[in-house]
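Let me give you the structure first, and then I'll get to my questions.
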Amino acid sequence: MINAKMLVIQNSPIAENIFELKVQGELASHVKAPGQFVHIKIGDFIDAMLRRPISICDVDKDSHVLTMIYRTDGKGTKRLSQCIEGEMLEILGPLGNGFPIETVKAGAHAILVGGGVGVPPLYYLSKQLKEKGVQATHILGFQTEEIVFYEKEFNHLGPAYVATADGTKGTKGFVTDVLKEQDFVYDVMYACGPIPMLKALETNYNGKPLYLSLEQRMGCAIGACLACVCETQDRTDSKGYRKVCSDGPVFKAGEVILPC
Amino acid sequence: MINAKMLVIQNSPIAENIFELKVQGELASHVKAPGQFVHIKIGDFIDAMLRRPISICDVDKDSHVLTMIYRTDGKGTKRLSQCIEGEMLEILGPLGNGFPIETVKAGAHAILVGGGVGVPPLYYLSKQLKEKGVQATHILGFQTEEIVFYEKEFNHLGPAYVATADGTKGTKGFVTDVLKEQDFVYDVMYACGPIPMLKALETNYNGKPLYLSLEQRMGCAIGACLACVCETQDRTDSKGYRKVCSDGPVFKAGEVILPC
Amino acid sequence: MLNVSLPGLNMKNPVMPASGCFAFGREFNNFYDLNELGAIAIKAATKEARFGNPTPRVAETPGGMLNAIGLQNPGVDKIISEELEWLKSFETPIIANIAGSQIEDYVYTAEQLSKHSRVSALELNISCPNVKEGGIAFGTVPEIAADLTEKVKAVSEVPVYVKLSPNVSDIIAMAKAVEEAGADGLSMINTLLGMRIDLKTGQPILANKMGGLSGPAIKPIAIRMIYEASQHVNIPIIGMGGIENADDVVEFFLAGASAVAVGTANFIDPLCCPKIISALPDKLKEMNVNHINDLKGRSWRSCQKTSSSR
Amino acid sequence: MLNVSLPGLNMKNPVMPASGCFAFGREFNNFYDLNELGAIAIKAATKEARFGNPTPRVAETPGGMLNAIGLQNPGVDKIISEELEWLKSFETPIIANIAGSQIEDYVYTAEQLSKHSRVSALELNISCPNVKEGGIAFGTVPEIAADLTEKVKAVSEVPVYVKLSPNVSDIIAMAKAVEEAGADGLSMINTLLGMRIDLKTGQPILANKMGGLSGPAIKPIAIRMIYEASQHVNIPIIGMGGIENADDVVEFFLAGASAVAVGTANFIDPLCCPKIISALPDKLKEMNVNHINDLKGRSWRSCQKTSSSR
């Protein structure tokens, strides 16, 4: 975990209001696990003062390049999208613990479920799983066709099913509809996306390991300010809470109470 | 007076911490008199929120180009210096009344006295005087050699004497030392620069018309907020004050009490 | 979808320039037609003319600015004879802001202004932090504010809005006190007392040392105070403090404001008021709101509904 | 040129992280050696463990942020057994921040913490705006603040700093009251009560609705309050509120602070404290100042001189 200036080598739209950002620097070599994230300082300005947490979508350790995918929404991400090649971005990371993949064996079948801008961290996860010989199936949910991204990239790594809420692409409906439809046999499931999606997955939890990556508004992103806590489901837990930034962002289903 | 986006066509250092900024746009054609100024919005950011008042140094009405010269000092001017060609700057202007030149006749001798970043507005003034057939002598005061600018440009329009406080260039001392030394015969004097300089000129006032351009911290720069007032020297004046932004920035010596 | 109606003020839209940031409108009339505005709050009037504080009178702060103009104005008589006379050529409702250091001054000024045909409402500035004598207590002690309100109400022929100071521990107590004393509406917030020191001189930048903090920096404080006060009074609130754009206007309505005033932003962009007004309809459509009034207090109304249905 | 000495605190430089923005230092120790700091104000301790408020707990505002953490902490006993134990491996003086909703809780917590060898001073948080029960009155009513101060002083074995709330009309009265009650120093300012409303939901962004405003936006308010208070008390002030860099530290000293704390800026740059510390010597040289203490209160000391020589 370091705070470093990284060189922007690409920052361009890949779908409606969705940008792919590539930055280069030493920090890339510190990444330990898929699902980790970075905390990006948007400018030298007090406007959009807080950093923005964005998942690591891909890492190229040879060229020291990190890829992130983000949606322009509020002030900070809009300003980030105006950042151009050659500029330096101050980035803190890698943060959090990411998706556990140590226990998954070669030949096993993993299902990766992503919703919207929850999709990006699954890409590096899938690449890592592939390296281990784990077979990955991707289920990617989006609102509508225009904002679908990385379908081809995921297809290279394993089958990728797309669902759109309005039916403009793939299955009409949610990722859970694809899951029902296909009734996969699998060994482990990883998910990242909006809370309702994660809740639906947790509810249909079938005994196989399920890992959920959460979002929370953050202050420090390093575990010091307690902005990002979730209560544990286990009321006898000695702390009673987990910090999304430093204990997460990935939790085993059942560990924490999903926020609403 | 309009608020307009203007295209930055040049913004580069011409002396230590001194930048020359050229912007292009319709606003240029509104300039009425030398000594008017503009109010520049530095960015879209709440940081360095207030606009910065900068004098108009030159106007090219054919190509619609305004030239400004500014010193990087605080937040706003430092950020302004990072602005690059091709960017748009939001500029309000032209503001204020500028130097009166109507009453000066062809063949008259005008002395233009500038100190530091008070020098720029004298350039357009001198050009306008020349056009009228007025003969101009320039006395330009700076702290030290490194920050001297536009000496050559002024010399093209008429003799230019430089004084530096540390004697690294020209006369050692202040503009008033040059005035004493040379003991010019002249018809009108125009001055812009630090308050002590203006005070010294006012004190040595010899009956010839003397016009002083003042600075004040500003809010609106259009006469509405009353941030920039000076008291009139005449205590029986019906208002008792003048606004530097809209009544000035140029005042006849004796009209207002110079701030300290 | 933008017209709002407050005591004395029939506004075609809810946006007015805030007092002291717009003088009497002459300068801004060079940029747009003043009739586009919902109303105009004119610069504070005092009984006698005032020169105000020495300069520097303004300083920049992170996301805001300090001012210590010191209520410079030509006095109520000249305001009536020159400024209100000039404003006769427009139809926009005028809110006349009033300041003073003694109750009698307020009462005198209020009486004069409220009689004028162009004045639709008064706004009592009980909170100007930039004036030495008195002043402060009017804005921070509920009983004193109530007393002043009552006396001004007794002479005023138009509705009276009381402009509250944010420099208090308990804004609800202030709001309730002036409501009980007969105020027809509240304006909030005035500026917070602040200061900046110049590193080069080691001295305060403002000649007056302290000044009033305005601009986006204070917006969260304004929103909080309006949220609190609007739940405890039945009179409407003109909300202000850092408004820059249509989103901010919506946020103030959600908090509980019934109209808004824009101050500092006029210095950043002289056209900001008409820009905000013209951006509002699209904003409302985007939010599926038929009339801006529907947003009023929504942030706490829905809470109340939820809790009463439990 | 940077060492400062305050009651209980021998600091090699005047910079400490502010309470609640640094937990107990573990996370920041990954970035730099905690011994580089002048002191550390640790997260507020309460008698019992607290989970705090629901999330979202933070929101961004122009030039600042709101927080409503709600004093989450593991309780004084665990802080002593785990956190202070861990902090034993460093030499930096520790200021233990204490909160509560009743006097007895404060007294209990203060007694426990002040006995600990690692605790050099206590800081009474009488001003946390994010806790429902009680709390507010401690920070806004001089007599109540004084009473609390007295009772804590009676049991504390180390100097006691009282952390003042800016949400008051009269900061001087608060400062004087706690000084008279025996406070050894002041910390100021805590956060201002603020709020933001989410336009998409129409609801406050923070689950707690209101939160404390911190960051550069509040700096002019902090400077003003320290300027006022420091002229009326003889105890030192730890200044805070929006400090980002060495210039800000100088401004707080000029206003009257004897040391400073850095809060929100730690989130923007985890290395900000050591960066500020290492920038200070050059800044002082640039200003021709031999020791940072020479700057203390300079903004008003020189005024006093001027006026007494008139």
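Residue numbering begins at 1 within each chain, and the chains themselves are lettered A, B, C and D in the order written.
We take it that a contact is a pair of C-beta atoms (placed from the backbone, for glycine too) under 8 Å apart; a residue touches a chain by one contact, two chains touch by 3 or more.
Chain identities (UniProt): A, B = Dihydroorotate dehydrogenase B (NAD(+)), electron transfer subunit; C, D = Dihydroorotate dehydrogenase.
Please read these numbers as outputs of a predicted model, since none were measured by experiment.
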Common touching chains of chain D and chain A: B, C
Gap in Å, rounded to a whole number, between the CA centres of chain D and chain C: 33
Distance between chain centroids, defined by C-alpha means - chain B, chain C (Å): 36
Interchain centroid distance [CA atoms averaged], chain A/chain C, Å: 46
Per-residue overlap in chain D, given as positions that touch at least 2 other chains: 62-64, 215-217
Chain B, residues touching no fewer than two other chains: 46-47
Arrangement of touching chains [line / ring / star / complete / other]: complete
Parts of chain A lying in touch with chain C, wherever the complex brings them together: 46-47
Chain D - residues contacting chain A, complex: 20-23, 26-28, 30-31, 49, 51-52, 54-60, 62-65, 67, 69, 72, 74, 215-217, 264, 266-271
In the complex with chain C, residue positions of chain B that touch it: 1, 3, 41, 46-51, 75-76, 90, 92, 216-231, 239-241, 246, 259
Interfacial residue positions of chain C with respect to chain A in the complex: 62-63
Chain C-touching residues of chain D, taken from the complex the two chains share: 61-64, 66, 136, 140, 167-170, 192-197, 199, 202-204, 209-210, 213, 215-221, 223-224, 227, 242, 247, 250-251, 254-255, 287, 295, 298-299, 302-303
